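We call the chains A, B, C, D and E, going by the order they appear; numbering starts again at 1 in every chain.
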Amino acid sequence: MKKIGIADTTFARVDMAKFAIDVLKQNYGNIEIIRYTVPGIKDLPVAVKKLLEEKGCDIAMALGMPGPNPLDKQSAQVASLGLVTVQIMTNKHVIEVFVHEDEAKSDKELYYIAKDRTEKHAHNLIKLIFKPEELIKDAGMGKRQGFPDAGPIRL
Amino acid sequence: MKKIGIADTTFARVDMAKFAIDVLKQNYGNIEIIRYTVPGIKDLPVAVKKLLEEKGCDIAMALGMPGPNPLDKQSAQVASLGLVTVQIMTNKHVIEVFVHEDEAKSDKELYYIAKDRTEKHAHNLIKLIFKPEELIKDAGMGKRQGFPDAGPIRL
Amino acid sequence: MKKIGIADTTFARVDMAKFAIDVLKQNYGNIEIIRYTVPGIKDLPVAVKKLLEEKGCDIAMALGMPGPNPLDKQSAQVASLGLVTVQIMTNKHVIEVFVHEDEAKSDKELYYIAKDRTEKHAHNLIKLIFKPEELIKDAGMGKRQGFPDAGPIRL
Amino acid sequence: MKKIGIADTTFARVDMAKFAIDVLKQNYGNIEIIRYTVPGIKDLPVAVKKLLEEKGCDIAMALGMPGPNPLDKQSAQVASLGLVTVQIMTNKHVIEVFVHEDEAKSDKELYYIAKDRTEKHAHNLIKLIFKPEELIKDAGMGKRQGFPDAGPIRL
Amino acid sequence: MKKIGIADTTFARVDMAKFAIDVLKQNYGNIEIIRYTVPGIKDLPVAVKKLLEEKGCDIAMALGMPGPNPLDKQSAQVASLGLVTVQIMTNKHVIEVFVHEDEAKSDKELYYIAKDRTEKHAHNLIKLIFKPEELIKDAGMGKRQGFPDAGPIRL
C-alpha cells in the first residue's frame, strides 16, 4: 500500500488532477490518493513537501499550467527549482507535470496536451514506485508526454 | 485561532498590506495579523521567515511591486526563489503577491491590479488554512488574481 | 547595543562603505560596526555569513558595484541569491546595496547614485533593528534609493 | 570495490547508459553498477541522491538529453542545479552528461555525440575515484567530451 | 600554517592552477597546497567542498574556463551558484576564477587574461586569510583581475 500525493492549482484551466486520479484508480488497487489544491504553481513546492512529510505520501505529482508570458516562464523555473529541492530534501520523487499555455495553438489542443501528459506521467509514477524495471526497459526510447513519442534514434 | 504574517515593502507604490488586512479583518474573526515592512522585495524572504519562526505565524503573505526593468525582473526571481525556499524550510505557505509595474498601462490600472490581486489572495490564504476543500472545488478553473478569471477550458 | 556588519568589495569604484559608516556613526550611538572587504560581489555572501555568525553581527549590509555586461548581471544574480540564502539560514537581515555601472551615464552620476543608495539603506538598516514601526509608516510609499522616490500612487 | 550509480531517462533518444556501462565493465573490474531510469532530466537529481544515499553508491553519472527549445534549456538548468546541490549535500561526485538535441545537425551526429561524451565521462568517473592523479596530468589541456579536444593554448 | 585548496579542470585550455601555485609558493611560506582536478566547471563545487571538509583546507580557489556559447554561460551560472552555496555551508571563502573564452579575441589574449586573473586572485586569497586589512585599504578602488584596474571614481 502506497500513498500518492497530487498537488494542483486553481490557476490551471484544466482539471489535470482528475486525469491523474482516473488513471491511478482504474489501473492500480494498492494505493491511497491525497489531493491538495493551491492557487498557483509557486505554491506547489510547499504543498508537495507537506504531502510527503505531514501526510506521509511516498511520492507525488505536481500539476500546473504556466501562462505564456516571460514572467510566467520565470515563475515556472522558480516552481521547478522548488520541486527539485523538495525531492532532494525528502529523497522522494515528485513528478512535475507542467503544461505551458503557449505549447498549444488552441484551447482544445491545450486540453489534450494536459490530458495526455498527465495520464502518461501517472503511469510513470506507478512505475517509479512499483515497477522501476519497466522504466529501464524504456531508457533512451525518446518517450514524450503531451505529444507522440520521438522514439529512439535508429542508425 | 491562527496567526497570519503580512510582509510588505516601502518600495511598492501602493499600500498592498491594507487591502489584505481589510479583507482578513472584515471576513474572518479567528485570526491575529502581524505586519512587517521592509525596504524592498529581496528583504521579504527573511522577513517572512522571521514571521513564521520567531513570531509563530501559521502562514504569511509577501507583498511587493517589482519595477519594469530587466534588473527588477531578476530581483523578483531572486525574491521568489527565497520565498519558495522559506516555505519548504518551514512547511508553511507563503502567498507571494507581486505586481510588476509594467503589468499596467497607467498608475490607476496598477493600483487596481494590486488591489484585486491582493484581496483575492487574502481569500486564498484563508482557504489554505481554514477551508482547503474550497480550493479543490476551484482546481483547474482558470482563476486569476489582478485580472478577470481565464476560466476553465470547455470543449 | 547592536553589532552591524558591513561587507564591501575592492571591485567597486566607489568607497560605498564609507557612506554607510558615516551615516551610522553620525546618527546612531548605540552600535558597533565591523567591516569586511572582499574582492568581488560573489565573495559577499560568505563574508556576510561570517560577520553574522562568527563576529556576532545582528544585521549587515552587502555593498557592491556590478559591471555593465551580461556576465556581470549573472554574477549579481548569483550574489543576490547567496545573500538571500544567508538571511534565511541565519534569520537576520542583510541589506543588499548593489549599484550597477550601467545605471549611470557618467562616473559622477554613478558616484552619487552609490552615495544616495548606500546612505538611505544605512537609515533603513537602523529602522529594521531599532524602529520597525517607521518602515510600516512608509509602506507602499514608493521609496527609492539612488534615485528620487517614485512616491505612492494617488488616485 | 566501488559502487557506481547510473541514472538515465526514457526521454533521451539514445540509450546513453549502455555506453557508460560498456566502458565501465570492459575496462574496470573492481566495481558494481546500479542503474536507475526516470522519465526526464528533472527527475535525475533525486534519483542520483537515492543512488548515493540509499543504495550506497560512491559516485554517479546523470545521463540526459534535453530538447532544443528555450523551455528545455530552462529544464536543463533546473536539473543541473539540482545535481550540483545533491553533490554538495553528499560530498560525492555526480558527473552530469547532458547532450542537447540542438548540438547536432542530424540524428546520426546526435547519437555519436552522446556516445563519445558518455564514454569519455565514464573514463573520467573512474579517474575521479581510482586515479585522480591522471586528471591533474590533464589539467588545462582543453579536454572535450562529445567533440574532439580543443587542446591547450600554445603560445 | 594554512591549507589552501586549488580545484581546476581538464576542460580549461590553460593550466591556471600553475599560475596560482607559483604565486603562492614564491611569495608565502606558511602554507600547504592541495590540488584537485575535475573534468569541468560543474564538478568544481563538490571538489571544493571536499577540499574544505575532507582535506581540511582553510580556503580554496576554483579555476575554470567556460566556453563561449549560451549553454556555457548557463553552466557557469550553475557552477557559480554551487560555489557560493559551498561557501555559506562551510563559512569558508572560495575564490572563483572563471575566464570565459569569449572574453578574449585570440588564444594569446585568453592565456594572459587567465594568467593575470589567477595570479591577482592568488594574492587576494592570501590577503583574505592573512592580511584582511589590506583588502579594506583597497575597498572601492576599482580593482580588476584579468584586465587593468578600472580605478576609483575621482570627482
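What we mean here is this: contacts are C-beta pairs under 8 Å (C-beta built on N, C-alpha and C of every residue); 3 or more make two chains touch, one makes a residue touch a chain.
Note that this is a predicted model, so its numbers are computed, not measured.
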{"item": "Fitted rotation between chain A and its twin chain E in degrees, CA, nearest 5", "value": "145"}
{"item": "Whole-Å gap separating chain C and chain D, where each centre is the average of the chain's CA atoms", "value": "40"}
{"item": "Length of the line joining the C-alpha centres of chain C and chain E, rounded to whole Å", "value": "25"}
{"item": "Junction residues of chain E, two or more chains touched", "value": "77, 81, 85"}
{"item": "Order of the ring members, counted from chain D so that chain E is second", "value": "D, E, C, B, A"}
{"item": "Complex contacts: residues of chain B adjacent to chain A", "value": "73, 76-77, 80-81, 83-85, 87-88, 91-96, 100, 121, 124, 128, 132, 135-136, 138-145, 150-155"}
{"item": "Contact set on chain D toward chain A in their complex", "value": "8-18, 35-39, 42-43, 45-47, 49-50, 53-54, 70-71, 74-75, 77-79, 81-82, 85-86, 89, 107-108, 110-111"}
